[in-house]
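Here chain A shows up in two complexes: once beside chain B, once beside chain C.
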Partner chain A sequence: MAFVNLQNVTYQYPLTKTPALQNVNLQVNEGEFVAIVGPNGAGKSTLCYTLAGFAPHFFKGEMSGTVEVAGKESSKSTLDEWVLNVGLAFQNPFNQISGAKYTVFEEIAFGLENIGVPREEMKSRVEDAMALTGIRDLAERSPYSLSGGQQQRVALTSILVMRPKLLVLDEPTSQMDPIGTREVFGTIRKMAEEGMTVVLVEHKVEWIAEFADRVIALKDGSVLLEGKPNEVLTSELLAEHGFGLSRYTSTAREAKKRGIWKKKICL
Partner chain B sequence: MKIEIQDLRFIYPTGLEALKGISLTIEAGEQVAIVGQNGAGKTTLVRHFNGLLQPASGSVLIGDWDVKKYSVAKLASRVGYVFQNPDEQLFSRDVLTEVTFGPKNLKYAKEKIDELVKRALSLTELTDKTETNPYDLSPTWRKMVALASIIAMDTPIVIFDEPTTGQDAVNVARIANVIAELRKEGKTVITITHDIDFCAENFERVIALSKGQVLLDGPAREILGQEEILAQTYVDPPQLTRLGKRLGLKETVRNQEEFLNSL
Partner chain C sequence: MHERLSFHIKRDSVIHKLNPLTKLTLILALILISFTSPWYWTPHVVLLLAVIPLSGLGRVFPEFFKAATRLILPAAGFLFLMQAFFQPIGEEVIFKFYFLDITQESLMFAFRNAMRVFVMISAFTLFLLTTHPSELMSDLTRRGLPGQFAYVIISTLQILPQMQAKAQTIIAAQRSRGLDTESTFLKRAGSVLPLVGPLVFGSLVEVEERAIAIEARGFTSKNSKTSLHEIPDPSFEKTIRWALLMLVILSIAANLWLS
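Presenting the complex of A and B:
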């Protein structure tokens, strides 16, 4: 059975009139790297919260259908059990950083402290995680003194250090410089190859084309399309529904329209 | 309105020297993109333009005003700054109050305030959301509220700190449109961005910062082709610029139109 299994999931936040997710079916295999694309308001972040158990455990609201990760069902688990398997890096790192710690090192250790990891192991795991994301030189800085992109790396590191089986990332590089983005995508890809399952929301489709195994296109809370990156990201359907295209795809399409390019549209 | 920066240095209380002697002139009505590695000093630099930070040494002139001699409140009449994170900026109970706050504080006449607010709301397509609490809107729309509340102040200089972060294609186009409108009105627009394709499509001048210093400064066409130097500050040239290079095009192309025309 799939490592992540969503069956007919419909979820509605409290005090809202329409569901944010409608009848979503989604299966992800262990070690697979799946990217979620979609316009703003499509339900991408809500899907992340659902996988991470925050919906409905933290946000409340109404959920139907089943959410399973690593053979456990969300509705039958508590959030503190759930976080042992699933880690979520928030879209806005500012919302994630605890505010309770003075240094980046302590911030990254925070999750491990909460699950009672022995002190020596904690230290080495924090060191390893910081090396992985290239932030060792930030260890003694205050999380709040960092730039947006640096904060984002800290937020990602503080999830990676937990070694979740399922890593959920909501636009993890949105504030990062381009080459830093490439490094982080490379790191995530490596984690997937080592067996971590990754679900990642991203607007920058050119990165998905390079790194993800599969793409799921969400629109109005439902899955519009799924498949290999080059199939999904060049689909006419996506362009019609207001999805972002890579510059390569949009330029190839325009070239075809003008008769300059005769071959198939690729990424 | 002109901005003149002379040998600007800034050191954070932690001892981190974020700006190490920056000299720049930005002419009135210029559209400038600032790019560079995380921690290069981009945000630190622009926060000197409206007095949020004060130079350790060197000077910043906004028109004829030395930022050291004017308060943040005073500088707000010349420089509008849209924060990277809208949640650090918004505080009102509804969108209309939020957008009206700035021009009201600048003590414009009532008619002018109404007109500015109306225009800002229409440019950002928020006209149907005036009564909504900004925190009931999605992060995308909160970003537009943050934009609107600064545009409504009608300052000659407008700064956007990573405006396209987390925005979909439709919203990025909306932001590009706002910048184009400000350009038509002759305003100086300074934008910090990591979205190098957005930069190539909307800005004529590019400044690349690296480790608190200016690495490159010039017309976008010249700067964006310099792959090796840009890599020093962790920036890649735009997608089509790179593709053009690989195809062996002679000119540096920045956008779709230039790319297709040069084929």
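Presenting the complex of A and C:
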């Protein structure tokens, strides 16, 4: 049985007229790295919130269908139980800083303090997580003195340190330069290889192509297409529905149209 | 970029090493004794023999002196003048300024009250200089203060300077699009609305996202919380706290007995 299992999930936020997710069926295996792509308003962030238990536990609203992670059902758990298994990091790093801590080291330990991890274990877990994401040198800095990219690494580390079974990331590299992005994708890939299941929303399709195991394309709250990165990201269907393509795919497609490129569309 | 709103100065001193609750008890005791002791010179003695030496012991005297002369002295001085001129007590006028009279009694009254205020603000300044806010909150949470309450206090200290920085960014952005924020009062008042809107609505969105972020890190977990920093509370400090409490009770009792 899949580690993450969504069956006929439809979710509508309060005070809205149309569902943000419609009849979504999704399975992710343990240790798999799945990327979600889609245009704005496709329901990517809502899918992240649903996996992380915030829809409907935090946002309320109407939900039908079932969301299961590691054999547990979201509707039968409370949010504080759910977050022990599922970690969520999202786009805006500034708002993910707790505001309760004065150094990066303390900030990363914040979640472990909340769930009652003993002090010595806490320190070693924070050290390990910081080494993993390459932010050891920021340990004594104030989280508010960091650049957007550094804050994003701190936000990611703050979730990784909790050691969730499922890691849900909503554009975790949006403020990073290409070098930082490559490093973070490498870290996420490594976590997946060590058994962590990863669901990642990202617009940078070149990186998805290189690192993800599988891609799911969302459109208007429903799954449009899923499969291997090179199959999905070069699909004609995505281009027809206005998805952002990699520059290589766009160039190859244009070249094929003009008869210059005879082979398969590449990524 | 404003980083934080904290007066804490990291130093290796006896005062810094005290448990935050002991420090809080100490400064509250000094303030209460200054206000309740029936002896006229108590606040002066507390300042000279307790607060100032403690700032030296805490190795924060230069910072303490700067705060005392720039902030506390003007506030206490203003209070002194107001009370000296406007307190209608005493007969013997020793100084006259137009229709305002200063009597010996009003002068003495003003001097003691100004000194009490001086002790109060300077003791709190000393506390803030030598106590890390997160250590104070961790210790108070461990002793039963609700975590949410501690979070609200400490995050406000950090988030306020960030909001101030954001307001400056919005002002700069609106000014670059021609908004007048520097001419007459009426024009400036009219300019407030386009500045307040983005700041307030932006802050509301931030609050929601921050709530999600801390929930995702187990903020409402029912597990008992632990603390990264060990905050020692040796038994002699408990004795100190009880002794301070006794001194306050004695001061109040003396006040009641003599009045």
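Assume the second predicted complex is superposed on the first by the 267 of 267 C-alpha atoms of A that agree within 3 Å, B and C clash if a C-alpha of one lies under 4 Å from a C-alpha of the other, contacts with A are read in each partner's own complex, and residues count from 1 in each chain.
Simple rule for what comes next: a contact is a pair of C-beta atoms (placed from the backbone, for glycine too) under 8 Å apart; a residue touches a chain by one contact, two chains touch by 3 or more.
In this text, all values refer to a predicted model and were calculated from it rather than measured experimentally.
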**Prompt:** Sharing chain A, do chain B and chain C clash or fit in the superposition?
**Reply:** clash
**Prompt:** Which holds for A:Ala255: it touches chain B only (first), chain C only (second), both, or neither?
**Reply:** first
**Request:** Tell me which partner A:Asn92 touches in the superposition: chain B (first), chain C (second), both or neither.
**Result:** both
**Asked** Looking at the overlay, what does A:Asn114 touch: chain B (first), chain C (second), both, or neither?
**Response** second
**Prompt:** If you stack the two complexes on chain A, which partner ends up touching A:Glu171: first (chain B), second (chain C), both, or neither?
**Reply:** first
**Message:** Going by the contact rule set out at the top, does A:Ser142 touch chain B (first), chain C (second), both, or neither?
**Reply:** both
**Item:** Candidates 153-161, 171-179, 225-233 or 243-251 of chain C: the single one with C-alpha clashes against chain B
**Value:** 171-179
**Item:** Shared chain A surface residues [contacts with chain B and with chain C]
**Value:** 92, 94, 142, 145
**Asked** Which residues of chain B touch chain A in their complex?
**Response** 12, 14, 16, 35-40, 42-43, 84-85, 87-88, 138-140, 162, 165-172, 194, 196-197, 231, 233-236, 238-240, 243, 256, 259-260, 263
**Asked** Taking the complex as given, what residues does chain C use to touch chain A?
**Response** 1-4, 6, 132-134, 137, 151, 154-155, 158-159, 161-162, 206, 209-228, 230
**Asked** Which residues, counting only chain A, touch chain C once they are in their complex?
**Response** 49, 52, 54, 58, 79-80, 83-84, 87-90, 92, 94-102, 105-106, 109-119, 122-123, 126, 142, 144-145, 155, 158-159, 162
**Prompt:** Okay, in this complex, where on chain A does chain B touch?
**Reply:** 38-41, 91-92, 94, 141-142, 145-150, 153, 171, 174-182, 203, 206, 242-248, 250-251, 254-255, 258, 260
